[in-house]
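First subunit A sits with subunit B, and in the next complex the same chain sits with subunit C.
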Partner chain A sequence: MNAISIQNISKNYKDTKALEDISFEVQNGQLFGLIGPDGAGKSTLFRILTTLLLADKGQAFVDGYEVVKEFREIRKRVGYMPGRFSLYQDLSVEENLSFFATIFGTTIEENYDLIRDIYVQIEPFKKRLAGNLSGGMKQKLALSCALIHKPTVLFLDEPTTGVDAVSRKEFWDMLRSLKEKNIAILVSTPYMDEAVLCDEIALIQEGRILKIDEPQSMIHQFDRPLFAVKTNDTYKLLKHLRLKPFTHSVLPFGECLHLISSERMSAADLQDQLRSEGFADVIVSKIKASIEDVFLELSHKTEGHV
Partner chain B sequence: MRRLRFLIQKEFIQIFRNKALLPMMTLLPIIQLIILSNAASNEVKDVRVAVVDLDQSELSRALSNKIVANDRFSLVATPFNKKEALDLMQLDQVDIVLEVPSDFEKQFYRGEAPQLQTLVNAINGQQATVGSGYLSGIIGSLNGEIRAKEPMLFPDLAKPNKPIVVTSNNWYNPELDYPHFMAPGILAELTALLTIVLTAMNTVREREIGTIEQINVTPIKKWEFILGKLVPFLCLGLLLLTVGLIASKLIFDIPMRGNIGLIFAYAIVNLICVLGFGLLISNFAETQQQAIFVAFFFVLIFVLMCGLFTPIDSMPKWAQYATIPNPLAHFISVSRKVLLKGSGLADIKMEFLYTFVLAILFNTAAVWSYKKQE
Partner chain C sequence: MFKVLLAFIRKEFYHILRDKRTLLILFGMPLAQVLIFGYAVTNEFNDAEIDIMDYAKDETSEQYINHLQSSGNFIVRRVLGSPNEMEEGMKAGKAKLVVSIPDNFSEDFYAGNSIQIQVITDGSDPNNANTLVQYLTEMTQSFQRQKRNEPTDPYTINVASRMLYNPQLASAYNFVPGTIALILLIICAMLTSLTIAKEKEIGTMEILLVSPLSPLLIILGKVAPYALLSFVNAIVVILIGFFVFDVPVLGSTLLLLSMCFLYVFTALSLGILISTTVKTQQEAMMKSLMGLMMPSMLLSGFIFPLASMPVVLEYIGKIIPATYFIRILKGVMLRGVGLNFILFEIAVLLAMTLGFLFLSWRNFKIRLE
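Here is the complex of A and B:
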């Protein structure tokens, strides 16, 4: 039995299609990433799976229980961390934790070993009000509260949004270690660089799933030549490259452009060609695709179809 | 049960940690109680009178003097014609104009029933009706005095029948002390209002901050959530009532003739009722702002139609029926009856019954409308 099983879930908000025919499975003990930009429908899916929202069509099972009919069972055994910090800001760290423990009919002591690694980091501040914690500590507290009743499935909706880079890394390390305790984790994030840390990912955009696979194999399957092109006048080069016959797609990527070519060519040839065409300072290098390249390529393709 | 206890405990921690809430629940009501009980008075004092004396006789002067002698009236002007007097009324300098016609004295002694005219500024309804009533009383008594003093002039009254003497006594509030009458009502009003507003805001706040999202994914049952809100605020309401009663006793020395326990027993039912109403509002509001507006809409209706400022008996029939679902009206009625009149349970059983039914209705609706799922 899978931890999460989603079958053809659709949800509309009036005329807006939030989710369209979503299906995927999350295995027990798997760290599954839902990767997509803001407004892709990630939170809507989370709210359906955590029994807060009813889907228009389709079925979903969490830990073997159907989300509509057996919501009571699900609420007993899932941990949910909403995208927005949702603990009581005017209660202390300790009060929040024991409140959520009691609500689930357990105590901090009973499941302490599950949260120990995370909780020790915030324990020195246990008398501090949750509202006065830093962003990273808030996330750790929220994760502790979501774990305190020993859930079988953990839902983390954009847990690292608005958290600094160091805390983000720490947070993902914690998720890896939770996986070993056989807790299935569904995590959503708009940060593509976090995708490779998951066992399996689903790329989602505008309510539709673009692709589901392991991140490495997704990168591996990306077979077109990819170049990073750097120049001072990025905009001019972008316009220039768009007109080239070999250009499959070109998109700005930080301070350089990522060019996907439809023809096999070498970085040196391309660089020479562009230099001769007036971009004297251009530097071209062949690069390995990242999940972001995969995502942009896929979303490009779907837009092309529409 | 353990879960409910923790919900209540959590709410109490939050209440005590909120620096504004406790002073708001104790100090502000006392200030309001003092101000409103003293200010909200139906007594008519200082009615400004202008006398247009066209007669300028002994009798007309006696009448003016009698009016001036009464401390409810002050004679502000004695214009020589009616137009001047009406100008003064237009400028809002007089409330009542009394016109004494020429030949007033002559007609009076001839037994011709002279006509006096009073013109009342009815912009202030209370001042007008009560003031002109008092004035008629003064004129009537002057009339009687003169007739009694000079029986020869009124031969037909040579053997007058003794007039019927009415002695009246104000029961339950013998000195007509307005604070005694107002304080219990205002206390009931404040207790109910603050609890409605606070509960209406509280649940919405959880929605605004997002904590309700976290709560909804837990096995907390709806009734546990509602009860977890209700019990702490019930305690807060009772605290407010206690503080208010002590303050009223110390400051206004209001009588406490009935059983104070009965007041508290009724207050519990009433508070549960208004708390249910507050929770009901907050279930339908998205933001605290919405909750406040809706709460104020009902609170204003409750206050203006609860019999505190306008007696329910003088309202039109439909409005009298409309006070039945108004928990405030029952609370005020009970607090006045028990405190001033010393009523027992049997005398307030209808209030108890109505409030009890309302409490069940509001709270059932509150539990029912609290949705954990969209």
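Here is the complex of A and C:
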């Protein structure tokens, strides 16, 4: 039996489609990532799975229980960390944790070993009000609160949004270590670079799943040549490359352009060609695809562009 | 289960004690309200300043003026020199009343001729003017009786009135019950609807829903502290009324307290009902202020008597819980009645409470939509 099983879930808000025919499975002890931009429908799916919303169509099971009829069972078993910081800002760290332990019928001491690695980092501030914590510490506290009752499935809705880079890394290290305690984790994030840290990911956009696979195999399957092209006049180069016959797609990517070519060619040849065409400072290098490239390529396809 | 409820209630007390705004509403407002109603908003007056236009200037008119001042209600501000000055004091807002004593006062008085004393008041404040004229008429009559030294005229009908239950017509007798009703309503209904709306607003309701807590427990945990605190408040107001404003509690104290308890429940259930229909604290505030406070203050018979209102308002007044609670309070505190005289009001409050609870239960969402 899988930790989470989603079968053809659809959900509409009035006229807008939030989710369209979503299906996937999360195994026990798996760290499953839901990757997509804001407004893709991630939070809606989380709320359906945590029994807070009803789907219009389809079925879903969490820990073997059906999300509509057996919602009470699910509410006892899962840990949920909503997208927005949702603890009591006017209670101290310790008071928050002990409150959530009590309402789940347990105590901090009983499950301390489960949260120890996370909680030790905020324990020095346990008398501080939650509202006065930094963003990273707030998320650690929220995770501790979601874990304190030893859930079988953990739902983390964008846990690293608004958190600094160091804390984000720490947070993901914690998630990796939780996996070893056989807790299934469904985590959503808009940060593509976090995708590779998951066991399996689903790319989601505008309520539809683009692809489900392990992140490494997704990257391996990306078989077109990919180049990073760097110049001072990025915009001019972008317009220039769009007109080239070999260009499959070209998109701005940080401070350079990522060019997917439909022909096999070497980086050196491309660089020479572009230099001769007036971009004297251009530097071209062949690169390995990232999840973001995969995502953009897939979302390109579904939008019907070339 | 009990442990969970206790933890919930403790958490709620933390919220209350750490929020200055809530604390102020809880403890500052009752005190302020009682004192404002007690000292500022009152129909009684002492030492009203009056002007005298004395055309007679004889011995009897002097005695009459002294008699007016002897009650402590009036103080003569000025004795005017000419009728042109009559309006001056009133325009300046200093004189509340001008008494004009006609020529030959003494002569006519002892000759038994009819005398007309002219009284001019400031009609821009009608309530006050009325009361002042009433006082003055009384004082004039008593002066007449005293001077003529004769028993009441056998051919006149005299009205001897006695204000039962409130002989001095102290306004505290009216505002103490009214204030209790209002305070309990504000604290129970407004604060509970606010605190539940707050959980929705900051997102903690989402977490509470995804937990084994039953809706009943969530609500019970949220309202229990407010029930306790507002009950304490009711007792404080009754005590202030008793010791500071001499408002008696003639009926049974136990009955009084249990009635307060019943009303606390009514107000709480109303607060819960409001909270099930709102998403934000602001909405909860608007609904409880406009929908509860205003009508309870204006239409419950607390400030304006219900019977003198247009029929529509009278009917609205009849569906306001405070109306019945004020009747109960006045009955038990001032008239000292027992349970059997207020059965109807109790039944109405009970029915309202059950109705509100039923509607809240129907409205409570176990999900987000």
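Odds and ends about this structure:
As a convention for this text, the second predicted complex is superposed on the first by the 304 of 306 C-alpha atoms of A that agree within 3 Å, B and C clash if a C-alpha of one lies under 4 Å from a C-alpha of the other, contacts with A are read in each partner's own complex, and residues count from 1 in each chain.
Heads up, the rule we're going with is that contacts are C-beta pairs under 8 Å (C-beta built on N, C-alpha and C of every residue); 3 or more make two chains touch, one makes a residue touch a chain.
The model shown is predicted, which means the values in this text are computed figures rather than measured ones.
Of the two partner chains placed by the overlay, neither subunit B nor subunit C lies in contact with A:Glu70.
When the shared chain is aligned, subunit B and subunit C each come close enough to touch A:Leu91.
By the touch criterion stated above, A:Tyr80 is placed in contact with subunit B and with subunit C alike. Looking at subunit A, you'll find residues 47, 50-54, 71-72, 75-76, 78, 80, 82, 84-91, 95, 99-100, 102-105, 145 touch subunit B in one structure and subunit C in the other. The part of subunit A that touches subunit C in the complex is made up of residues 47, 50-54, 71-72, 75-76, 78, 80, 82, 84-91, 95, 98-100, 102-105, 145. Within the complex, the subunit B residues that touch subunit A are 2-3, 6-7, 10, 13-14, 17-18, 209-211, 213-220, 372-374.
Contacts from subunit A toward subunit B in the complex involve residues 47, 50-54, 71-72, 75-76, 78, 80, 82, 84-91, 95, 99-100, 102-105, 145. Against subunit A, in their complex, subunit C makes its touches with residues 3-4, 7-8, 11, 14-15, 18-19, 202-204, 206-213, 366-369.
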